[in-house]
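What follows is a group of structures, each given as structure tokens.
Okay, so subunit A shows up in both of these, paired with subunit B first and subunit C after.
Coming up: the complex of A and B.
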């Protein structure tokens, strides 16, 4: 069966005055109908770049190669006109920056009306009002506030408005970039419920871009872990949380704070993401990796399959087959 | 702890902020009273020098508005704000401008608070220029060292970038650098680390604590992330629909949340394990609006413990075992 979305060997560079930022480097993954994929990784690793590329909305200084097949069509090859039809109705996106993606001089209702008119030019005003009210209500905002301007909304309300706009047309695929970053846990749960429901009743699939591994655990069935533009590991959510293969995945899971515990320690991965203009040779994670070997500094590891998962790490690259100690990788 | 003996830096008394709501003029003609959003509705609290007070609560409960009123980006409807014993709700424009150096705000929406046409190095050194601090070379030096500290590395390279050439989390770190560059006394940090992954977030929180200790800073730390709050805050105030419903020392609040809303908030944190689901005591009721505030206790419509009195009488913030809580369950009347 053909996957709904298939990303193959996607690479994205940003050209800047003082060099090329290699933001995404040769990543591949696919999303089946009704799949929810969690795209995770540290700040600056290329998550938004990947998500934006799917909709063809990268800035002009971006150079893309590879392919993005949606229902078999390569979105990197179709015309702008066709792409516009795909956006909103087939694939829709919740952007990371809620304030700048809402037009400050347009009322909230006009954002909905504009979207609806673009796809259904004949829809009458009552129908549009009904759809907008319901979408807004589903994210916990009173429909009477359709008359407000974005600046009259709180940060979380803007974020919820973005979500409501993205799901108003019931797209077959939703790309959600940090959709719940400024929402309290109670409303967050309500929104996740709405998304789960769309998945179930409308067969919607989803790419959830987030750094919140708690939300990932609740919503997705597959995880793609990125590190400095590389795909470090991908596979189903249960096995990744239970037994991370890549040392980076392991470190990431271990750094999750647990509010339930007594301790007030915050853990983090020592070091920082490399300069993407001059990424380290070989594996991009080696400068921070406790398992680093000579080969890691020389050659980029191949992506291999281990237990039905994909991992890009020399620990699993054929001859050296040590792997990470299993007992210590369990996350408490 | 050491903070308890120190003096109060900021004291907020009976603060209110109402926003008149826009409605279509056809409807406005029919209504006698213009509806208002009661974003903050009579709150009082204080923050001691060197203390970090957390402000948590539901989306739309008035946290950002509180921060903005305190540093006087917007005018309060009523109430007093005492900063270092001076009533800053009455400062003149000129004095306010000078005082701005002492209180900074880290905004919730980093992209919207950065000038898109200004290189970020310039953006961060700009406040130094305005307040005439240092020579151009010293300013640049200062900015570069701050970039290193917030992990925008290589700093020299980031110095010349524009906001849209950064990822969401990188922008957030630029905003943090800008807020601390003038060595302020007081910072309102509004969801300052919301877009950061756990690892970078931990580093930034550590940095914020370091800066605080170096400079004797005081924070109002607005967040929805209870793990961050637990780490950085000395005390936490919980807001619900424009009211503070509970204030307690961080350790007390986590050990035993008193207000039913706080309890629900604590129980609803997502668990980083796909096999477990968070507890589902999520209130099913509709989120009431700050336009039509429920009678009595604002939380009674969603509260599992609500009784008759809760819909009739508004509970006051009263002391209970050395903590403050606004709930009839703890009201000894």
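Coming up: the complex of A and C.
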């Protein structure tokens, strides 16, 4: 069976005044129907760029190559109008900052009506009211609040409204771009509860973009770990948590603060993300990697399969003679 | 809201009083007075004295000031030294011409500003944006009167397409005056030739004033729309599948409108200044030409009256802008 979403050799560059930023470099992964995957990595690793690229919402200075197949259609090749029809109906998206995601001078109701009119121009008002009320109810907000303005809502309510908007038309996929990052812990839990609930009740796939590995463990069954625009490791969530293969995944998991742990110091990954205008040759993680070898500095590691997982590291299977990764050289 | 408007009106009173006081004393400090302007330098001293007495100019300045305040309170704004008619009567007669001109000019400026500004912002950094920026800088550097004269020269003198002066041709005045705005009056009277003639006369002066003012609007709209286009709710609207036209006009432009409106209100004083020059250039019989003529006659009550009238006009417009803002943005509470 065909995957619901298949991303193949996706590369994204941002053209800036000071040069080209290689935000995403040759990543591939797929999402099956009803799968939930987590796109994980530290800030600036390209995870949001990847998520935003799926709906074609990147700023105009972004250059995208590769393919994003949704139900077999390449979203990078279809016309703007066709892509518009996909947005909100087949794939919808929620964002990091709920405080600014709703138009401040538009009633909540009109946000829903805009969505419905964009996809069903002939829908009558009663029908629209019914759908909006139900969507709002499903995230635990009274339908009477439809007449409110966003400024009359709290941050958590706004994010729930965004979710209600995203699921109103029963899309087959939801992209959640750090949906809990800007909320406090209690509200975070509320939002996660809503998302968990949705996963159960609706047949929806989810792409969860986050740097919070705790959130990932709760919600998804597959994880894609990104580092500096490269896909470091991807696979089943439990096996990755149990036995991380890539040194970066390992370091990332070790840096989760744990109150029960004996050591009183926070663990962290020394060094910082490389400059993506001028990424290091070879593996992008080598300047911070404790297992660095000579080949890491010279050649980009190939993506190999280990125990049903994909990992891009010279530690696995990549013999020195294995040569340069074919897929990455084909794109660039 | 009601209390807010009331406070605003009450606050406008001291402002107008200050303007009135300044203009009153400045006029009396500057050389020249109405008597000298009317009678000329060779008039016999007895005649000058008699006339000064008649106009009350021989009284102490504080008494004159008190008399003038009284006339403002009475609502007649004093009596013109030049015509002997109350200033308010003259102003009310001239005001519709100025109002008609400013409304048309403002419409043109807003239209150009929103159109060029929004599309420039949308095409940020591309040809249309550069065109909009060049236009606004270019036009901003035009002196109003020079631009007016150029248009007169091209469309009036060379091409003979449009009239170059006045509000209407002889005998082309609406039969019955209701509002003083010839466009509205001629429609009410169903006098179509008069309407056409009025519009013909309106084109050049309102384009002159409108184009010059539009330069500021274009820049303002552009920068505000750029800002709102980059906000998260615009991306979110796109992610919902909203059509691009809706995204631009309903989300980006509408959100950008609040600061634009505020600045437009502030620019209104500038518009009136431009209106004075435009009226003189096109012999437009409004308050601007009136003011300039009366300055040459040192007609103190008339000059004071015109300026106080302008000040009131600006105050009223800024209150209207605040009301419009509250209507546009539900978060605004007064």
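Worth pointing out:
We adopt the following convention: the second predicted complex is superposed on the first by the 285 of 332 C-alpha atoms of A that agree within 3 Å, B and C clash if a C-alpha of one lies under 4 Å from a C-alpha of the other, contacts with A are read in each partner's own complex, and residues count from 1 in each chain.
Operating definition for what follows: a residue touches a chain if its C-beta (ideal position, glycine included) is under 8 Å from a C-beta of that chain, and two chains touch if they have at least 3 such contacts.
Since the model is a prediction, treat every value here as computed from it, not as a measurement.
Of the two partner chains, subunit B is the only one touched by A:154; subunit C is not. Of the two partners subunit B and subunit C, it is B that touches the larger number of subunit A residues.
By the document's definition of touching, of the two partners only subunit B reaches A:253; subunit C does not.
In the superposition on chain A, contact of A:182 is made with subunit B only, not with subunit C. Touch criterion met: A:269 reaches subunit B, while subunit C stays clear of it.
When the shared chain is aligned, no partner comes close enough to touch A:302: not subunit B, not subunit C. Once the two complexes are laid over each other on the shared chain, residue contacts for A:92 go to subunit C alone; subunit B is not touched. Of the two partner chains placed by the overlay, subunit B and subunit C both lie in contact with A:100. Of the two partner chains placed around the shared chain by superposition, subunit C is the only one that A:162 touches, whereas subunit B remains out of contact.
Taken together, the two structures place residues 97, 100, 149 of subunit A in contact with subunit B in one case and with subunit C in the other. Against subunit B, the residues of subunit A that register as touching in their complex are 14, 16-19, 40-44, 47-48, 59, 96-100, 140, 142, 144-145, 147-149, 152, 154-160, 177-178, 181-190, 211-218, 237-238, 241, 251-253, 255-260, 264, 266-269, 272-273, 275, 277, 331. Residue ranges of subunit B in contact with subunit A, taken from their complex: 19, 21-24, 37, 56-60, 63-65, 108-112, 151, 153-154, 157, 160-161, 164-165, 167-170, 190-191, 194-203, 205-206, 224, 226-228, 230-231, 254, 264-266, 268-278, 282-283, 286-287, 289, 291. The residues of subunit A lying in touch with subunit C in their complex are 55, 57, 60, 80, 84-89, 92-93, 95, 97, 100-106, 111, 114-115, 118-119, 149, 151, 162, 165. Residue ranges on subunit C touching subunit A, taken from their complex, read 124, 231-233, 235-244, 246, 250-251, 254-255, 328-331.
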